[in-house]
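Have a look at the structure below, then the notes.
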Amino acid sequence: MGIDRRTFLKGMGTGIAAAVPGSSLLLRKAEAKQIGAGKEFMGVLVDTTRCVGCRSCEIACAEAHGMPVPDIGDTKALDKIRPTSVTQWTVVNRYKTDKGEVFAKKQCMHCNQPGCVSACLVKAMVKREEGAVTWDTNCMGCRYCMVSCPFDIPKFEYNSAVPKIQKCSLCWEKLSKGGKPACVEACPAEALTFGKRRDLIEEANRKIYTESGKYISHIYGEREVGGTGYLYISAVPFEQIGFRTDLGTTSYPELSKGFLYSVPIVLLLWPAFLIGVNTITKRKNEVQHGEGGKR
Amino acid sequence: MEGFTYTDIFATKGVEYLLVISVLLLFIPFWRMVSRPAKAIYEAAESVVPAISEWFRLPEAKLYYHQGHSWAVPESDNVVRVGMDDFAQKLVGKIDGIQFPRVGSQVTQGEKGWSLLTGSKSIDMLSPVDGKILEINESLLSSPRTIGTDPYGQSWLMKVQAPKITSNLKNLLSGSLAVKWMEGVRESLLARMNYKLGAVSQDGGVLVDGIARNLDQEKWDEIAREYFLIS
Amino acid sequence: MNTVSALEEKRQLKDMLAFIRSELKPKGKLLTSFNVISGSIIILGAILILYRLVRGIGAVTNLSQEFPWGIWIGFDVMVGVAFAGGAYVLTFVVYILHSDKYHSIIRATVLNGLLAYVFYAGAIFLDLGRWWNITNPLFGNKFGANSVLFLISWHFLLYMIAEFVEFSPAIAEWLGMRKLRKVLGSLTVGAVVVGIALSTLHQAGLGALFMMAKGKVHPLWYTEFIPVLFFVSSIFAGLSMVIFEGAISHRVFSDKISHEDHAAYDDMLVGLSQGCAVAMFVYFFAQFLILIHGWHWALLNTTMGWWYLTENVGLVAIPCFMFLQGARYKNQMLIRTAAILTMVGIVINRLNISVIAFKWWIPFSERYFPSWMEIVITMAIILTEVWVFRWIVNRMPVFGKPPAWAEEIHS
């Protein structure tokens, strides 16, 4: 007898069942359309020509989220380039460029298509309707989001037995009530502008073209990795102020798409192919053994 | 600002295709090398048993071989003498006895003719001709030790009345065809040989009786059946 | 079938429990040098694991914000899973292609596969910062189904079940449960088919994890074809492990292996060697093709470039050639050496992508090197797996012949 019904059904059934997670990826596209219908992504435009390095944004962020407030008096802090950390969701770094000192604020970029959200297998990292990318406590601590972030933003509390992932949340709790991020409100130099991402791009373009020669003709974050919520304009090339310019314009989740789409295909084709080969080769053996002695 | 570099994808694609084709071509000799034992193994196996051409004596007289290693010689008047060839005997080794069908019963070309009994195993062989069994070689039954000592002469197995002798013989091998066939059998035997065979003789071990038994101590009867075309 | 009365069933159950209790006792000498050394490492590892659970990952590992994944992922999981690939390759050969040649080692290979996944899932568990949420990808309403890691976690679970089903006939034989044995035997082919499909995807999937690490993995290693390369390399990684582990088991459990299986071993070795040679041929030229596709020639003449060549020429092309010659000349020594070189190559390949060629620009002093505690815990996990393997092999029909009543079923 060839493959019996039970094993066939078991094989196909489990194959299809395991294909469900893969195919729910397609479901997400439908959901995304519905979200877009209601709200637009918000963002922050950072004009690095206006930033004076006062670090008020760092203080405001720390105070808003119960983290230790950095010591502004420590002038040595700006001597090194600092990354964000588990106690500092945003930092301002000082760069020496050919146009003098430039300050650049660093924090989560709140990408349109975040790699961390795509990476998170428990939906702890979520892209909110307002555009904020936030972390939640159903996290497993696998740190895949850290591997997947093109900007290396998520920071993990290695020294805690109950570790969290720490990163800028765009003050999302405030946004849903119509507020603004703490850093934007605190900035005295009007270097930070909060608004709809679409409007911010227009504003950035307006600045670039009206104040001709002041800015280089590029909005960082407009297209990088598929577009980010935080947008930057600068007087100097972005490599000089600590930005990676080799990230490309493909969103990071796209990079895994090829593999993810092959999952349902393999789960459908392989069992059929394998059972087929099993049946065919079995028949051959059976014929040999069944009709013994005849030539 | 994104740096734009120009990679001529048309050129790379061309080189890629060329590479794939050459890899596929390279794969053919690679595959052949992987699936066959090296010449040295053949040579080593050959050197183990001296003068391998002596293994299988092909007699001068015109014999007709069945591919299951039995033979037939027409004697007189549709009577055919039937036996098993030297290879069969050397493959199986010492035979304890032979189980024949009754005298007077029919045999069919390509179907079971008789069984070789060795120890606990019984291995069938195919009959080379159709016909009625006239006589079996009684001397083999009384002294089984003589079985296979003179496979083409004194150790003949039975005489068969074969009415369809001419058409039967057309299906059998003789002359240069038989020699070629035997060489093919020898090649296939050498290919199966384990390097262990060489190792055994090198430490002065004794080759056990029966080539098949040296290839596989437990399943040698299956090997024999393979050569005797019993499935 | 026999109908068994209630009283007889009760007696059977009592006998069963007594049997299991007797099987739990250790067999053989307890204080061998191997036991003492490995036992101390296991105990030390257990203490360190407790320490890690209480004080957090940072207390025990050298992981950092720049290097979130270390040897627990890069070695325990990625290398361990690649080495366990022998199970899906051999079950394909034995159950799908109906080859009789490898029947004698199939159970040991499946057992190794099962144990590998169980223990490396354990390694993942330790690496999780918030391990109490480990059930979140499995139960609940917040499935990150778009994540490659989600797929991998589900596949690991399903594959463990499939391997368990494949191995369960041996357990049924051990416990003497005939009806169960019959049922389980009929499930084998289904489990094998599922296992092969799952394996293809999660072997590739472990590579796909790094697709989003573009810009962090060195261009000589980063390619959209990483999943394919991982899949192909898992074939020869698994087969090399079968060769390596077979060489050890052959000696250690020699008394359990039947005479004919000992003889068949040489034939198998040649076959495994052939399989490795072909898979490595394909892999090597796939790497070459990818090199051309990316046109990264200039990078070959850098330190990382030489390292890349060491990995792919020294530890892929050369062992491939050794396997080829070993198969042709039936040279056991050559085949075993090739297997070891291949395994080293796999370790280096997986570590390259996860740790060494990961953020390769970071200077040596700031790079990740595993702490002694990470290494001890890794060794403890591996040794515990060896102990469990030994326990099972000493009691259940893995190497030896199944009981006569099981042979009659022949599924």
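In this document, chain identifiers A, B and C correspond to the written order of the chains, with residue numbering beginning at 1 in each.
Going forward, a residue touches a chain if its C-beta (ideal position, glycine included) is under 8 Å from a C-beta of that chain, and two chains touch if they have at least 3 such contacts.
Worth saying up front: this structure is predicted, and the values here are computed from it rather than measured.
The interface with the largest number of contacting C-beta pairs joins chains A-C. Among the remaining chains, the Cα-based centre furthest from that of chain A is the centre of B.
Inter-chain centre distance (chain B to chain C, centres taken as mean C-alpha positions): 42 Å. A separation of 32 Å divides the Cα centre of chain A from that of chain C.
A separation of 68 Å divides the Cα centre of chain A from that of chain B. Touching two or more other chains at once is no residue of chain C.
Of all residues in chain B, none touches two or more other chains.
Of all residues in chain A, those that touch two or more other chains are 246, 248. The residues of chain A lying in touch with chain C in their complex are 3-4, 6-8, 10-11, 14-15, 18, 21-22, 24-25, 28, 83, 85, 115, 118-124, 137-144, 146-148, 150, 152, 155-163, 244, 246-248, 252-253, 255-256, 258-260, 262-263, 266-267, 270-271, 274-275, 277-278, 281-282, 285. Against chain B, in their complex, chain C makes its touches with residues 259-260, 263, 266-267, 274, 277-278, 281, 285, 288-289, 292-293, 295, 324-325, 327-331.
Put simply, chain B touches chain C in their complex at residues 7, 12, 15-16, 19-20, 23, 26-27, 30-31, 33-38, 40-41, 194-196, 216-219. Here chain C touches chain A in the complex through residues 53-59, 61, 63-66, 68-69, 92, 95-98, 124, 127-131, 133-134, 136-137, 140, 142-151, 153-155, 158, 186-187, 189-194, 196-198, 200-201, 204-205, 208-216, 224, 227, going by the rule given at the top.
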